[in-house]
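You will see subunit A twice below: alongside subunit B first, and alongside subunit C after that.
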Partner chain A sequence: MGSGRLYAAVAAGGFRRYATYRAAMLAGIFTNTVFGLILVYTYLALWDERPHLGGYDQAQAITYVWIGQALFKTLGISGGGFEDELMERIRTGDVAVDLYRPADLQLWWMAADGGRALFELFARGVPPFVIGALLFPLALPGDVMAWLAFLLAVALAWVVGFALRYLVALSAFWLVDGTGVVQMSWFVGWFCSGMMLPLNVFPGVFGDIVRMLPWSSVLQAPADVLLGEADPLGTYAFQAAWAVALLAAGRLLQSMATRRVVVQGG
Partner chain B sequence: MAETVGERTPARVREGLRAYGLIAAMWIRSTMAYRTSFALTTFTNFAVTGLDFVAILLMFSSVDALGGFSLPEIAFLYGLSSLAFGLADLLIGSMERLGRRVRDGTLDTLLVRPAPVLAQVAADRFALRRLGRVTQGALVLGYALTALDIDWTPLKLLLMPVMVVSGGAIFCSVFVAGAAFQFVAQDASEVQNAFTYGGATLLQYPPVVFAQDLVRGVTFVLPLAFVNWLPASYVLGRPYPLDLPTWVAFASPLVAGVCCALAGVAWRTGLRSYRSTGS
Partner chain C sequence: MDRVDGVDDAFIELDGVEKVFEVRRKTGFLKRERRQVRAVDSISFRVERGEMVGYIGPNGAGKSTTIKMLTGILTPSAGRLRVAGIDPSRERTRLAHRIGVVFGQRTTLWWDLPLVDSYRLMHRMYRIPDARYRENLDRLVELLDLADLLDVPVRQLSLGQRMRGDIAAALLHDPEVLYLDEPTIGLDVVSKARVREFLRELNAERRTTVLLTTHDLQDIEQLCKRVMVIDHGRLMYDGPLAGLHEAGESERTLVVDLERELPPIEAPAPARVVRVEGPRQWLAFPAAESAAPLVARIAAEYPLVDLSVREPDIEAVIAKMYAEQAGRAVS
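Now for the complex of A and B:
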C-alpha cells in the first residue's frame, strides 16, 4: 500500500531527526541517571522501613525506578514528543497546510512520534537502565519471552501515551494560551503514571482509582509485566482498551476542531 | 559587546538591577493583561509543584519514618528546599531558555541593547506564576514549623531567613552556571535540570538516605547541602552528615557568596566565547 510507505517514511524521518542531536542525547542520559539515583536511594529507605511494600521486594522496587527512567522520555510521560510542534503549528495556522496533505493528521503525527520513540528507547532509555543495572542488583527475568512480553507492553504503552498527548495538543485549537493546561497535564501524567511512586503503593480507594486511569498503562503496566507481577494478556487488554478509547476521542476532537475552528490567515 | 571590563562594579550592578526591574515589570504588565489566565496558571503551578509532596504523604501512609526522619521533619527539609528553589526559579528561572536563544540567534538582539546581558536574560519572560511554587513551599514549611517541637533559640530563629536567602542564592548560581554552560553545549541544556530540579528533589529527603559519596559530592563539589541539609540539621538538632563540625551550619551565606562569584566568572567566560549563528 502506498499510504503504508508514506507513514513509514514519516516515522523514519522522526527517527533520523532525533538521532541528529547527539549532545542532547548525552545530556538526557545524564539527567535520567541522576534522577534515577535520587529515586533509588529514597526507595531503598522506604523499602528498608517496609519490606514488600506494594508487593515489591527491594530489588523489584529499584528495577522499577530504572524502568521509569528508561521510559520517561521514550513515552513522553511529561511531554517532549511531537506535541509542542503540533501546538505551534495550530497556533500559527500552519496546521492548515497539514490538513491539505493527502495524509491523515493523527496517523501522520503518530508515525513521526513512533520514529522518535524508537530512537529514544535505544539511545536514551537503554543507557540509564544499563548504568542502573551495573550499580544496583536488579530483579530482571532470565528468559527471552519475558523481555518480548515487556516490549509488547511498552509498544502499547506508547500508543496510549501518544493518544493522551494528541488530545493535549488538540486543545490548542480552543485555547489561545494553553500553557497552564499543558503544564498541568504533564504533571498529572508524571504523577498518575507512577514516575514518583509505583501505583501499587498508592493506598486505599485513591490507589484503586489511579490504577484504573489511562496513565497506569504507560509505566506501571509494562513494569509489572517485566517484574512478573502482572499477567501479560490481561495487561495488554487493559492497555488496548485505553488505546482504542483515547485514539477514538482524538479522532472525534480532531473532526470537531477542523469543522468548527477557523484557521487564522495572514 | 555590552559586557565591558574595568567599569566600576557597584554602578554596573545598579544598572543591571535597574534593567532587570524594568524588564520584569514589563512582563508582569503583559501577564496582567490576561488576569484569569494568570490566576489559573499560578494556581496550576501551585498545585502541580505540590504533587511531589503528595507523593511523600503517600509514602508516609505506609511508614512512620524515612531514614529515621518523621513526616514533619521531612516537610521541614521539603519546605526549605522548595522555598529556596522556588525563589531562584522565580527570579532567574528563565535562564534555562538561553540555549534556544543561542541556537536561533536571538541572543544577538540582547547584545546590542545598552543593558547587561545577564540582567536581560534573567528577566526574559519573567513568569510571576512561579509564585505558585514559592507559596507551596512556604505552606509546607509552615506546616512543619507548627507540627515540630523545635527548641527555639535566637540563633536558630536568625538562621531561618539566612537559610532561605542563601539557599535561593546558591540555586541562582546553579542557574547562571547552567546558562553559561549552554554557550558551550547548546543542545545539552537538559544537563542543568539534573542540578536544578534534581538538586531540589534531592534536598527534600534527609541526607542519611543517600550514599555517602553522593552526600560528599553535594557538600564539597556542588555545595547544595548548604541550602538546607546542614543548617536544618542544626535547627532540628540532628547529627550532621559526614560528621562535619557545628559551625558549617552557619557557613551558608559564605558558600552562597563564593558560588555566585564563581557563577559570575563562568557567565563572563561563556559570554565571551559566544559566537553568533549569523542567522
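Now for the complex of A and C:
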C-alpha cells in the first residue's frame, strides 16, 4: 500500500533524526545506567527486609530494574518522545503544515515515534540492560520464545504509551501553556507504569486500581512477561484493549481539535 | 471578473465565504467572555487557471484564514468554496494532491535531517511515480540552485536557502495551484529576486495558478497583474495593480527646489504643500491630473531652481485605503 510506504518513510526519518545526536545518546546511556544502579541498591535493601515482595525474588527484582531502564526512554515513560515536538508545533501554529498534508496526523506521529522508539531501544535501552546483566545476576529466560513474547509485549506497550502521550500532546490545542499537563503526565507515567516500584508490591484496593490503569501495560506488563510472572496472551489482551480505547480517544480528540480550534498565529 | 454561466475556467471559486471564530477571553478569575470574530466576511472571487494573483492586506486582515480555508484545514462558516471543483474541507486529502503550499514563516522540511530526506518523504506522501519524481527533483534542484544543499541538514540552511528548499518541496508533486504565504519574508535582496524569478518562470512555463500573500508590495508589482486587497475580512479591491491608484485616490508628489527659503507656495487647489524644509517644498496633487499646469504656475511666480515628480507609492495607496476603511468603520 502506498500509505504504508509513507509511514515507513516517516518512521525511518524518526529513527535517523535521533541517530544524529550521538552525544545525547551517550549521555542517556550513562544516565540510565546510574539510575539503574541506584534503584538496584534500593531494591536490594528492600528485598533483604521483605523477601518475595510483590511475588518477585531478589534476582527478579533486579531484572525488573534493568527492564525499566531499558524501556524508560524507549517508551517515553516520563515523556521525551514525539509529544514535546507536537506540542510545540501546536503552540506555534506549525501544526497547520502537518494538517494540510495528505496524511493522517495520528498515524504520522505514531510512525515518527515508532522510528524514535526503535532507535532508543537499541541506543539507550540495550546498553544499560547489558551493563546490568554483567554486574548482577539477572533472572532471564533461556528460550527464544519467551524473549519474542516479551518483544511483542514491548511493542504493545509502546502503542499504549504513544496513545497516552498523543492525548497529552493534543491538550496543547486547548491550553496555551501545556507545561502543567506535561509535568503531571510525567509523574503519573513514572509512578503508575511502575518505574518507582513494581506495581505488584502495592497492596489492597490501591494496588488493584493501579494495575488496571493503562500505564501498567507500559512497563509492568512486558516485565511480567519476561519474568514469567504473567500469561502472555492475557497480557496482550489487556494491552490491546487499552491501546484500542486510547487510540480511539485520540482520534476523537483530534477531530475535535482540528474542527474547533484556531490554529495559532493567524 | 466576468463569468459565463458556470462553465468558465475558474479554478478557485469563493462565493460569500465567511469564517467566524469564537474567541473566549478571560474577564475574571473564572469568568470567560465569548466573542465572535469575523475573520473573513463574505468574500467572493474567482481565479482562473494559470493566473497569478496577489492577495494583500495588513496583519490580521484575514489572508491566512482564507489560505487555510483554501487548503481545507479550516471550514468556512458560510458560503461556497471550490478549488479545482473540490470542496476543500470535505475532501482535504484528495485536494492536497493537487495543491502546493508554502508558508514563509513555517517549514514543511525535516529540521534535523538532510534536505533530500524531506523530498523522499514527499515522494511517498504524494505517491509521485518514480520517474516523475526524479525528473521534477532534477528540474527544481537546477532552477532553485539546490544541488549543494541536498545533503545539508535543514537546520544548517540560511533562511533564503530554506525557503528555496520549501518551494521545491511544495512543487515535487506538480500541483496545479500554489499558495504562497509570505514567500519572501525575511529574505535578502538577492534571495528575493531569485524566488520571484523562479515563480515567474513556473507560472509562464507550467501554467501553475499562483495565489500569493505578501507584505512586500514589490512581490506583487513584479509578479502579479491582478491584485486583491483584503482588510477586516472584506475584499476591498479586486483588479489590475494599476487600478489601485485610482481606487485609492492616490496622489503624486511634486518636489520643488527654490532659490531661498520661502513661505509655503500658494498652489491652486486641490494641489497643496505638504512639507517644507528650507528651500525645498513638497506639493501633493491627484495622480490622475497632469503636472504641467502646476509646474508652469510655480515657475512663473517663484524663483524655481529644480523640480521632480514622484509617482505614488503603492504602499501609501494601500495604507490610505486601510485608513479610509477604518474611518468608515468607526463612524
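What we mean here is this: the second predicted complex is superposed on the first by the 264 of 266 C-alpha atoms of A that agree within 3 Å, B and C clash if a C-alpha of one lies under 4 Å from a C-alpha of the other, contacts with A are read in each partner's own complex, and residues count from 1 in each chain.
Note that in this section a contact is a pair of C-beta atoms (placed from the backbone, for glycine too) under 8 Å apart; a residue touches a chain by one contact, two chains touch by 3 or more.
Note that this is a predicted model, so its numbers are computed, not measured.
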- prompt: Between subunit B and subunit C, positioned on subunit A by superposition, is the outcome a clash or a fit?
  reply: fit
Query: On subunit A, which partner's contacts cover more residues, subunit B's or subunit C's?
result: B
Field: Angle at the Cα centre of subunit A, taken between the Cα centres of subunit B and subunit C once the superposition is applied, in steps of 10 degrees
entry: 90
Message: For A:Leu26, using the defined touch cut-off, is the partner it touches subunit B, subunit C, both, or neither? Pick first, second, both or neither.
response: first
- prompt: Is A:Thr179 contacted by the first partner subunit B, the second partner subunit C, both or neither?
  reply: first
First, second, both or neither for A:Leu53, with subunit B first and subunit C second: first
- prompt: Looking at the overlay, does A:Leu197 come into contact with subunit B only (first), subunit C only (second), both, or neither?
  reply: first
- prompt: What is the contact status of A:Thr42 with respect to subunit B (first) and subunit C (second): first, second, both, or neither?
  reply: first
Task: Considering only the touch criterion stated at the top, classify A:Arg5 as touching first (subunit B), second (subunit C), both, or neither.
output: second
Statement: Superposed, subunit B and subunit C have a smallest C-alpha gap in Å of 8
Field: Residues on subunit A engaged by subunit C in the complex (per definition of touch)
entry: 2, 5-6, 8-10, 13, 16-17, 20, 92-94, 96-97, 99-103, 258-259, 262-263, 265-266
Statement: Residue positions on subunit B within touch of subunit A in the complex are 34, 37, 40-41, 44-45, 47-49, 51-52, 54-55, 58-59, 61-67, 129, 185-191, 193-194, 198, 201-202, 205, 209-211, 214
- request: Quick one: which bits of subunit A touch subunit B in the complex? Just the residue numbers, please.
  value: 21-24, 26-28, 30-31, 34-35, 37-38, 41-42, 44-46, 49-50, 53, 177, 179-181, 183-184, 187-188, 190-191, 196-197, 201-203
Message: Looking at the complex, which residues from subunit C come into contact with subunit A?
response: 21, 23, 59-60, 64-65, 68, 71-75, 92-94, 96-97, 99, 101, 103, 105-108, 110, 112-113, 117, 120-121, 123-127, 153
